Amino acid sequence: MLATNRLRRLLAVLFAFALLAGACSGGDSSDSSETGTSDTAETDSDDSSEADDAPTEGADTSADGSDAVTAEDETVEVIEGGTIRIGLQTEAGSLNPTNTGLNRGPIMLATAVFDTLVVVDKDGQWHNNLSESWTPNDDFSSWDVTMREGIVFSDGATMDAAAVVKTIEAFLADPLTSLVFKPAFSPETPVELVDDMTFRLNASGPNAALPYYFAEQLGMIGSPAWLDARDENPELDQMPIGAGPYMIAERVQDQKTVLERNPNYWGEPGNLDTIEFYPISQDSTRTDQFLAGDLEIIHGTDAESILRLREEGDITRIEDNSGEEFMLLMNAQVPPFDDIRVREAATAAFPKAQYADFIDEGTALEADSLFSVDTPWNVPAIQQVDDQPELAGPLVASYCADVPDQCTDGKVNIEYQHDGPSLALDRIATLVGDAYSEFFNIEVQVIPNDQHINEVIFGQYQMATWRYHGFSDPDVDTAFFTCSTIGALSINWSRNCNEERDALIAQQRATEDFDERYAIWTQIQENLRDSFQYITVSHTNWMVSSSTSVGGVCDATAPDGAELPCQTRGVIWLPQLFLTN
Amino acid sequence: MKFIATRIVQMVLVVLAVTLLAFGAMNFLGDPLFNILGPIANEDAGPEFAEVRAEARAEYHLDDPFIVRYGRWLGDMATGDFGRSFKNQTQVSTEISNRLPITLILMVYAQVLSVLISIPWALWTASRAYRLPDKVSTVVSFGMLGVPVFALVVLLFWLGAVRWEIFPTRYDDETIGARLYSMFLPALSLAIPLIATYQRLLRTDLISTLQEDFIAVARAKGLPQWRILFRHALRPSLFSMLTVFGIQTGALIGGSLVVESYFGIPGIGAAVIEAIIRDDFPVVLAVVVIITVIFVVVNFIVDLLYSFLDPRVRLDG
Amino acid sequence: MALLEVNELAVTFNTPKGPVYAVSDVSFAVDKGQALGIVGESGSGKSVTVKSLMGLLPRTAKIDGSAQYEDVDVFNMSKDRRKHFYGVDIAMVFQNPMTSLNPVKRIGEQLMEGMRFHRGLSRDAAKSRAIELLDLVRIPDPTKRLSQYPHELSGGMRQRVVIAMALANDPALLIADEPTTALDVTVQRDILDLLDSLRRELDMALILITHDLGVVRDRTDSIAVMYGGRVMETATTEEVFADTEHPYTQALQRAIPDMSMPRGTRLDPIPGSPPDLAITPVSCPFAPRCTFATDECRTSIPPLSAVPGSETHRYACFHPQGLVAAASTVGGEA
Amino acid sequence: MANAQTTSPLLDEAPAPNPPSIAKQLGLGFWLSVGFLLTIVFLAVFAPILPLEDPNKVAVGSKLEGPRAGLWFGADSTGRDVFSLTIWGARISLLVGFLAILIGFLVGGTLGILSGYFRGWFDKIVSFAFVTLLSFPALILAILITTLLGRTVFWISFSLGILAIAPVGRLARAQTLVFAERDFVTAARILGAKDSRIIVKELLPNVVIPMSALALLGMGIAIVAEGTLAFLGISVNGGLSWGKQILEAGSSVRNLQDGPHAALFPIGVVFLTVLCLNYAGDRIREVFDAKELAL
């Protein structure tokens, strides 16, 4: 029985993980390839803002970036209570953050159910949320976290340090979900209890950015009783219990999840009585339902919906280009991409202009690095050398001269894979195949999503489409390109190890100072570009659209009053939402 | 009674054979362990997953002989336990019971549409056999048979939802009316080949029925044409149509995969496609078994209906 | 005043291979309550004749001539009149009771629908009328029959049902098209007698079509003999048997089955086969099979001539046998 | 109609003039269909050497550009030449259709003839196998096999071929049953011919003609099935195919609004191809059925 449960739990993890990675690869109908904006990216907080600053672009002339905010302040009547319906791009196999990689859809739901230890404000600065204070030691290698008094889970249990430690341990014990976060913690005792309300986090080295890890899924704290119960009954993964402003009232997977206000909430209670979530993976359907008035809020990334919604007058739109990149992975451990010349040639031959024309159609920003202009980490001078096929010729010729058995007719033989069936990915493959045909004998493989992920994780691929999550602080991202995460099973998907880069990563962790970190991150970005780790294609544009009957989208604040972003990669805050006329 | 007994035995044998084939294909052609565990089924995943692999083999009895596993699976299924989905650990039976009604509605909808359209059409053409409207109808119905469902869905969607904007572009199950309205194009896509098939068969049978003496008798009774067609000629002419009604159910199931996937209708057709793409065995197997059972049972009912249509047919004959 | 009077009826089928002259120049009349026998081999046009009257011919048939039923021009009826004409004024009994009942409908339903349609009877009224009718045609246990299917009845029973159906709306004229041909010999007589007595009971006119001259002998008032789509001889029944003029009628007389003959004996009295109606008629249709035929018979069509001294007896032959015999007798005496 | 018995025996006795040649009996429609099919086959086979745009070349036209001279069917959503795509799509669709029917005929035809000839327990088993195959939801079986074995032309043809086995086998068996009773087979048997000789020399030629009609109809079905698999996204990996082309062009409201031609042209070609196969098959069946009756 125990074995069964453990296995079931593990299965849940795996498949949830597969889903997460699936989104990474842009595999399903709501895939990244069609996402992103380019020209709407200008924003008031452009130069100074943090990752999550989200400009709004009202369609009608009166509504501009500050539309939602002004509306609530002056002219809009706030209705107490009520219900809104939100259409999500993805559904989760499990809503248990300790065993599942949660996608952007489910994470919106989970955030409302759990709350996180810290939250990140408009400028990218973290603030205490469930936690009371964070005290690092001298070199930031160890942090003492004190919890806020008086927080209870929705099942009535008190949230103390022990409860938090239990969740974090459960999370880090999960072999797959923890992959991204684990490298930041000490392998021996990542977390230990100090007293009733305080616990200590031990990092793998000095890490001033450690609190940011707890603005993500890792910071979602579940009720200990629930965590125990779900070990016996995996179906409880669908009915999580946390200390957030809302709790799950009803859930039919793949159809509907209803949240209702948590009466025991420690902070200011939510305005709305209930919030209904509908997972609608078909982008056009979700958009249709929203425009037909069947949903009050939707989020999405596909070009067609974005173009349609931009034409609509009576809605409020918020676009966010700050995170998630669509990219091509090149496996640096197997021929031919083990040779930097081939990686460089593939990058140079990449048809980015055609991609912009035919795929994004002006809905997303083309990417030169992992950081869009909407993030503070963007370095305008860093440009990826792509769309210059003339550079590819000599590189391929020189490689084929050295390694003739990887070439046929003077072209490098490569395998390009994406998961499918996916029309958008097919179209991308068409573009890439055509552009590469001069230098590569490209064989396109469309394989099922889980197999695609499997092959990428185990390095059994040459070139693959992928979607890369940006986190609220780039340090969380480093797991994707540090040497330490390369193994049989590797989340450094490209398996591209560079010790100089690892040294830089360690260096930026040692300081809290933004300017210092920015300088180091400039070097890291140059390093990534020059080692041809990825071909970055575009920055996903997450668009959140809400009907005019919904107010307060941009009004969320941290407990200390700091303004929170309107949306972060498609996720909005829920407790401050209200209905209006 | 003997006839019914023989047919039931035959049905059971067919279902057993189909399940054996499906289960066998899944187990011999695919890799069950990979389908269960995904990435970590791979030996390369490292020693930390070895224990999990062993557990999975034990949990799913992968080391048992095939026939033992098959028997176990069949036994579970007989009790309504279709296992849990690999995707999200929910009971497959729950998913099926959520989705099956939608598919059944779609299929019944399509059949009702085809019968409602094909019968009057066939009556109309048969009563004007070999004259111009009949000849035109023959060409039209032959053409309707030539359009594959996957082309039909696009064509009808383009005409009905995009160009003329008469029908919604999405499935809507808010109310029964909205559901039927939004299911019209999907059902019509399934119905068009059926309409043509039924019309052709029924027309041929009607033409020969209309030459029967009892039709002349009905005419001599002074009954009006419509009454003769509907009340006298129709029922004895339904045999061929009924025979293919059963066979067409199979085509309808195939078509529902296309239609549900294209129109985004959350039925079992869409479910099985999703499950196949995900290698979600328990769902695929469950759907295959259910669909087969439906198919076999429909054909059985068709046989029973013969005796209703023609009292001369004796079930035990 | 005749109930039905047919004048110079001609039916031509247009086929891809050219016109077929199925019926030509056919005239006869039936009086109220009287019985007419139309006698001829298969292919003689007798069935086509009555089908034209019943409106049962396909569209490819071209009908000329006239048929007057009381004040109704049968071939040019108004729609309203037509709606309640067949099955009410004229009804018909078909040859084969095995095929003339709808196999998938209960007897009761088939009996009742005519009266319900034409007379608007309620279900109950129609039901009691149906029982009455079954009783009338001497079917035992009529109530039970109503819920039976045709295949549960014997051939004779079925023909009685067919007759009952025809009688449903008290027709003034009943046409019976070889009503016993398909039946077992033992029940043929019962059915014929039934028709005869019904006619008298209900004071109804009857056209009885048969290939067997013997059948009409005691059951009709007058007879028309047809061959090759034409009337060969027409007269009162008495006259036909007393003074046969046409060689064909004579041949038919010789073919009347003798009750003393063993059952199943096939009567094939007339050598040769019926004429090809696809050929434009230029001769006496019977000429190829007629032992008396002369060149005259092969080059021109004999007109219908009256037997001297009779208003009812007419024949179409250049060699009327009765008159010739009479003449030879007279001549012999002279 | 009701008087048919009165007139038709007379009409049928007219001796038929010289029966028209088979080619004439098949009719103009048949030859038009065959002409269209041959044109498609020709274009498909010689696509690589015909002066066609490379079907994989993007940006030949602008996005969803309408038909114009030189771009007869317009461009698709990545600017590819729809005409060229349609011709190249025919290659896989027709190849799979042909291979599937070949497999179905080799396996189903053999089993059907043998079971019809030898009868007995072998016949019972084979007949039950046919019933089982027919009870299997066909498309799902094809999808299962394709997913499990791989999305190559061979395996897709194989899985569709399996579907063809039962219907082909049943017809072959029925035909064999008919002919096995005929005198010429009995005669051969009495003369001591070996079973194998009787089957190949006496039965096969007689069974083949009605089967050729089924082959054409079956190819139509196989082409539709392949298109369906492609439409569901599970046909030949990375290959061009009608089903995929129609899906690509037809699965987005916006694409259908802006450029329905990208979907409508391949739909038209699929429609005509299936129609022609059906029609030609039907004609062959009618003409040879009639001949069969006359024998």
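Quick notes on this one:
Think of it as A, B, C and D in the order they're written, each chain with its own count starting at 1.
Definition applied: a contact is a pair of C-beta atoms (placed from the backbone, for glycine too) under 8 Å apart; a residue touches a chain by one contact, two chains touch by 3 or more.
Keep in mind the model is a prediction, meaning the values are calculated, not measured.
Inter-chain contacts peak for the pair B-D, counting C-beta pairs in contact. With respect to subunit A, maximal separation of chain centres occurs for C (centres as means of Cα atoms).
Here the spacing of subunit A and subunit B, counted between their Cα centres, is 41 Å.
Between subunit B and subunit D, the centres computed from C-alpha atoms are 22 Å apart. Averaged C-alpha coordinates give centres for subunit C and subunit D that are 55 Å from one another.
Between subunit A and subunit C, the centres computed from C-alpha atoms are 93 Å apart.
Shared interface positions of subunit C, i.e. residues touching 2 or more other chains, are given as 51, 56. Within subunit D, residues 1-2, 147, 232-234, 247, 251, 253 each touch two or more of the remaining chains.
For subunit A, residues that reach two or more other chains under the stated contact definition are 284, 421, 448.
The touching residues of subunit B, counted against subunit D in their complex, run 10, 13-15, 17-18, 21-22, 25-26, 29-30, 142-143, 145-151, 153-155, 157-158, 161-163, 169, 210-211, 213, 216, 250-251, 253-254, 257-258, 261-262, 272-273, 276-277, 279, 284, 287-288, 291-292, 295-296.
In the complex of the two chains, the subunit D residues touching subunit A come out as 56-59, 63, 77-80, 147, 151, 232-234, 237-238, 244, 247-248, 251-254.
The touching residues of subunit A, counted against subunit D in their complex, run 284, 304, 307-308, 351, 354, 357-358, 361, 420-423, 426-427, 429-431, 433-435, 437, 443-446, 448.
Residue ranges of subunit B in contact with subunit A, taken from their complex: 34, 36-40, 42, 44-46, 48-49, 52, 55-56, 58-59, 84, 86-90, 95, 98, 168-172, 174, 264, 266, 277-279. Subunit B contributes residues 212-214, 216-224, 227, 231-232, 235-236, 309-312 to its touches with subunit C in the complex.
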